[in-house]
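Chain IDs A, B, C, D, E and F follow the sequence of writing; residue 1 opens each chain.
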Amino acid sequence: MANYTTLEIVQENPNSAVFYLYLNRPNHRNALSRDFFTEFPRALSSLDQNPDVNVIVLSGAGNHFCAGIDLKTLTSISDQFVSGDRGRAGEKFRREIKELQEAITAIERCRKPVVASIHGACIGGGVDIVTACDIRYCSKDAFFSVKEVDLAITADLGTLQRLPSIVGYGNALELALTGRTFWSSEAKELGLVSRVFGSREELDNGVRVVAEGIGLKSPLAVRGTKAVLQRSRELNVEQGLDYVATWNSAMLLSDDLSEAVSAYAQKREPIFAKL
Amino acid sequence: MANYTTLEIVQENPNSAVFYLYLNRPNHRNALSRDFFTEFPRALSSLDQNPDVNVIVLSGAGNHFCAGIDLKTLTSISDQFVSGDRGRAGEKFRREIKELQEAITAIERCRKPVVASIHGACIGGGVDIVTACDIRYCSKDAFFSVKEVDLAITADLGTLQRLPSIVGYGNALELALTGRTFWSSEAKELGLVSRVFGSREELDNGVRVVAEGIGLKSPLAVRGTKAVLQRSRELNVEQGLDYVATWNSAMLLSDDLSEAVSAYAQKREPIFAKL
Amino acid sequence: MANYTTLEIVQENPNSAVFYLYLNRPNHRNALSRDFFTEFPRALSSLDQNPDVNVIVLSGAGNHFCAGIDLKTLTSISDQFVSGDRGRAGEKFRREIKELQEAITAIERCRKPVVASIHGACIGGGVDIVTACDIRYCSKDAFFSVKEVDLAITADLGTLQRLPSIVGYGNALELALTGRTFWSSEAKELGLVSRVFGSREELDNGVRVVAEGIGLKSPLAVRGTKAVLQRSRELNVEQGLDYVATWNSAMLLSDDLSEAVSAYAQKREPIFAKL
Amino acid sequence: MANYTTLEIVQENPNSAVFYLYLNRPNHRNALSRDFFTEFPRALSSLDQNPDVNVIVLSGAGNHFCAGIDLKTLTSISDQFVSGDRGRAGEKFRREIKELQEAITAIERCRKPVVASIHGACIGGGVDIVTACDIRYCSKDAFFSVKEVDLAITADLGTLQRLPSIVGYGNALELALTGRTFWSSEAKELGLVSRVFGSREELDNGVRVVAEGIGLKSPLAVRGTKAVLQRSRELNVEQGLDYVATWNSAMLLSDDLSEAVSAYAQKREPIFAKL
Amino acid sequence: MANYTTLEIVQENPNSAVFYLYLNRPNHRNALSRDFFTEFPRALSSLDQNPDVNVIVLSGAGNHFCAGIDLKTLTSISDQFVSGDRGRAGEKFRREIKELQEAITAIERCRKPVVASIHGACIGGGVDIVTACDIRYCSKDAFFSVKEVDLAITADLGTLQRLPSIVGYGNALELALTGRTFWSSEAKELGLVSRVFGSREELDNGVRVVAEGIGLKSPLAVRGTKAVLQRSRELNVEQGLDYVATWNSAMLLSDDLSEAVSAYAQKREPIFAKL
Amino acid sequence: MANYTTLEIVQENPNSAVFYLYLNRPNHRNALSRDFFTEFPRALSSLDQNPDVNVIVLSGAGNHFCAGIDLKTLTSISDQFVSGDRGRAGEKFRREIKELQEAITAIERCRKPVVASIHGACIGGGVDIVTACDIRYCSKDAFFSVKEVDLAITADLGTLQRLPSIVGYGNALELALTGRTFWSSEAKELGLVSRVFGSREELDNGVRVVAEGIGLKSPLAVRGTKAVLQRSRELNVEQGLDYVATWNSAMLLSDDLSEAVSAYAQKREPIFAKL
């Protein structure tokens, strides 16, 4: 696997289709540096194309998931664009923001489910990341903050676009306007995480069980579910139904369906080919 | 009333505007057969056109609400389309899926509110059905699963389109990717059901009270509320406000309004004509 | 400040950027009269244009937040349109409804955050108002009802458009079809309010703390957050990301950003200029 | 074939996949009666399901294509809804309009291309019909008018929704606000028809040639083209591209493709199986 | 009528429902000054509310329709925003642009049709204005240019939003990227104007005839046609059909309909009441 | 510059900001091979990033613009996906189609205007390419065909998505269903090309003049115009106006504006810095 300075990819078990992707700057609480934004989409793309991978777990090395964008990175980016012709600087800065956004959106572009396993701080850019993930679990010690407003920033890496569909528009507004910290239990109530585990160890085990479970399912059905849900988010119900009917007219009648039905009848676990 | 092999329609009380529609294959845990998909829209259409009906309660006969699509039905449908020219088979299969979808969407096309009264299993196709209903209540013993992924299927009867707006996009993804079972209390927390009753009997009584209550309200206002909420789901706020203003310019100034205001002033129950 | 018959504007503390806007017909439980619909957008516009104002708290004078539309107003409005040519009456009535709607939408048009501080009754038109606010807090004694259906009305002042994105589509349907009363704790569970305070006094204090907190943040970032979240509600994720990138290419590189970063480095509170 | 009082279906040539559907009340210039609105969707549905049909030509018997809605029909419909409770009448009238609309939309629901062959008058409801067709040709003597405004009607059978995408929004507004008559040559300039033939006979021949030509093409590709264009009309480019990619992943790899490629290499006409 | 410095309102004939609105700075070729942007929406609003007005003709005093934004206005606006904090300046400038846009959009907000009568130059801001009108006619001497790009401006008053639906997206791009001048005959071919008259006098007469014709039609149907076309522009076909059905359930069954039908039967001109 | 096997990039004049991109397989009438789809987006990206480039002219080497997809490419692609598990093959084939689509969409992603200069055949994939360009000119000998239907293909590289907004939905349907050939003069009438030149030489000269003209305009304004038009295509008018206001709040107040205004006052050509 490729070398990354801000990330690490680990396959814990060579027989497993679950791969772990770590934010890996633990001394900086995994704050997002400029390099991260280049490496992250590259890492996700390689996992997406690797047929051994069915599920990706995204986690943070060290004591925290992610402390948000690195302040030095923020300063150095903004320094690039404050001088010179205002219109030209604006055009270049807009492109820079879009490039940073693309790094986060890579999670959605990845056909395979990405499970966020969150402990400790998940702040600012960390929230941008987890709201782009497909499943979110956390440990009891996790805490969250849509912090950008406190740095005089209108959050621009995805939280304002994705959080409302996860926690509701009202909650998203309140969290983004106050920038207040909230804890794992509130994150669960809000629907930001689907489950809270008592400790980091329990989180690791719990996430492993869920991820391995998904990893054994039909990869066609899993990717179809992610793709169709994602697309339907922006279609109305009639359009979404038409889309999934079209999708399934191509993908449903596969070996996976017969295997799943046979296994069910034979009361055994189905075994699916790689995709 | 017409005869159905998979359904039963019951008017418990001849003075009431509440009609009960039962999924009625209790020996198969009300699994959805091919006949169901023909009979269900027909039954809903007849109830919609019947001026004696103001509210429909949808429930399952026997110990469960619905165990999902019948595996024999699934197998026989897929068998039809696996052979022959792939393109042609795809085109026909797509039409078949759209026809099955239409059966579920009939709940939304019905102008009158449909209240799902859920007990026991509500699995796969059962979730497709209840997410198309207007109100969902369940008993404590109810359990749910977006099960399709375990049959190697990308769910295509509506859950992926309707569940996100009910429980949030994040929760919908987690439920659909894991296919895990969840219980009445979690269904309540997620917003999938509005209330959990302690037993099936309490559920029946509770649903009756709510349904009778709606049945006594202005049928114009009830249908307007369902229609406008449904349409506004796919419009932005400005468009939705314009739509309801246009709607009410036609529907609001009715006898029902004067009756409601008079009754309120006279502290009596209003009585509304059929619609 | 201008004189209003249905409202009162109060700046509690001359050094504060938080202004209070009271629904001020306490003897009528702040029921919405025709005058309210003229005065309310005027008041919000004046606060929006006043550079001393960063945050608006919306509250009700007396024992209740708002009992909904005044029945006399309702009757007098409908009386205007029941006679005469039906098509012409429809056209005029539609314009009247749109004018009433505009009064509520003024909350969203106001660039500055509006915090609803709710106690006692919040019924019918009261719900229309609070669903248009940016943040909602209430005291334990608060109760809510989407009451319109009981007056034979399809709610047309915004609840049907805004409530679903706040509490989910399923909950919104159930509340609007039943018109049932629900209390502060359920409002919290549903996500309609972000926090419940034990008493009105605690509510006042709690709201003050939050509002003052927002009032000290960068006005550029706060308005950007409101504007971008509001616009993104109707765009898909890709469009929303592009929108905020464009927004920030104009607004991000401000004195506020450097002040925020400096203050953070110097571990002091940042001070932002008026906007 | 079924019997219709307002229509006639003709298969001119038993070896041909082109079927002719005539508006068949020549003594009334094919004005649209209430029966038409019931029979038309039924006829189109039967043609859609008939595997011998690949293309439908829609034409008018006698000297005109269609003079629009029958005034008696209009009067009798409106008479039904002028009395009684205004709100209830409005609700019923809205349903009636939607049923009439469905009859016209049946042209778009038909998977097979419908070619309008227009001569003489094409007025009011006639324009609603032809704008829903897939291809429009006319003879030199054809004339058109979006006439509804002169009957004090806001056109409600589809012209206002479909004409702008055909002739441009500006032209559609001008035609609909003035209700003016325009002739075949202007219809061609505006893009309303694709070709003008010198006489009715030339029209018949020309339409036959085109229709037979389409009738010999791959039915999968023809239906795909109609379906994808229709759906893409309401999607943005990115969504439309994704839709057609999904469509073709199911439908493209058919016997028709190999037959077409072989025939091309062998410089012969391809022959496709029925669909 | 109110006094305007940049406009003049003329009712040529006291018995007519057609009112003329002139851009009235002939010495500046009706270039748009800052005052224009305040006066124009005010004038349109007064005409909209005046029951004597059914149709508005928009024309230019002197030798030209409109030479675009006044360069002094442009300079003085931009001067206001070039200094000071870049973020704050951006926020204020954005509001200024939106206010200018609102002035043009006032044409669409006006319920009554606005007919642009164009002669001589129609450049830059002039194109923004006419693309917002409902009908466009010009004299042979008229010439047009989407000129903004030559002033280093991305056109922001509506041309980029409205021109594509009038002349097609391809033509709009070509015109906006080249900024080239085009003449009346090409404007007609492109669909930008519906008719070209040989001289200014013929234009005046031709426009009068059309405007008077519309002025005698049912005001309900005329406004309905404008409103429904405008709204349908942003809805898909299914949504647009539903919208017009809802609209007509309120507006269609009017005295105007019976008057129109009677007049038709009696072969006389119908006479409609004011609205 | 990089080496391409299917393309050639030429800067005719080292002082010019106009670069020529040639489809360069003249012996195959520039039919699109698999390599083309890899090289084309790469070439456009390099031109987009090159600050010396302001305008790109896309043309075909030899006697034709482009004969469409290479039949060998088509066959070899389809061969890859006909065998194996149908569902898996479908999933992979869908990705392949999307990758081919991305190659064409690269024209729209390029910030700089792409002018198609078309002579001879422009067929199938050639139409997909030119409909993605910003400006289209052709010589008299050019001919066009939306040919896919004759190869039993539902066109999937963009024509069905982009052609309707250029030539109208009605014309697009007729062209795509018949696959008929049409010539330069009809292409002009339809709005597919903006101008027809009498010969290839005149085309080359004419395109050069236009391209050089755009190349001298403010690069900020040119890119803004392309970007805003493209984005507005999928927004409604209100959203599009808001978008351009936000855009210009960042980009308008540039050196280019002052230079353009000064040059205008001084009656000289403006000179703009690179971007």
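Of note:
Quick note on the criterion: a residue touches a chain if its C-beta (ideal position, glycine included) is under 8 Å from a C-beta of that chain, and two chains touch if they have at least 3 such contacts.
Quantities reported herein were computed from a predicted structural model and do not represent experimental measurements.
Comparing the contact residues of subunit E and subunit F by number shows a mostly separate set, under half of all numbers used being common to the two copies.
If you compare A-B with C-F, the chain pair joined by more contacting C-beta pairs is A-B. Put simply, subunit B has to spin 120° for its C-alpha atoms to lie on subunit C, with the angle rounded to a multiple of 5. Between the CA-based centres of subunit B and subunit E the separation comes to 47 Å, rounded to the whole angstrom.
Those residues of subunit D in touch with two or more other chains are numbered 82, 86, 90-91, 93-94, 167-168, 189, 220, 233-235, 238, 242, 246-247, 249-254, 256-257. Residues of subunit F that touch subunit A in their complex: 85-88, 90-91, 94, 220, 223, 250-257, 273, 275.
Those residues of subunit B that touch subunit A in the shared complex are 71, 74-75, 78, 81-82, 89-91, 93-94, 97-98, 101, 105, 108, 148-156, 158, 160-162, 164, 167-174, 176-179, 189-190, 233-234.
Contact residues of subunit C toward subunit A in the complex are 113, 131, 134-136, 165-168, 189, 191-192, 194, 210, 213-214, 217-218, 220-222, 224-229, 232-233, 235-237, 240-242, 244-254, 256-257, 259-261, 264-265, 270, 272. Residue ranges on subunit C touching subunit F, taken from their complex, read 231, 234-235, 239, 242-243, 246-247, 249-251.
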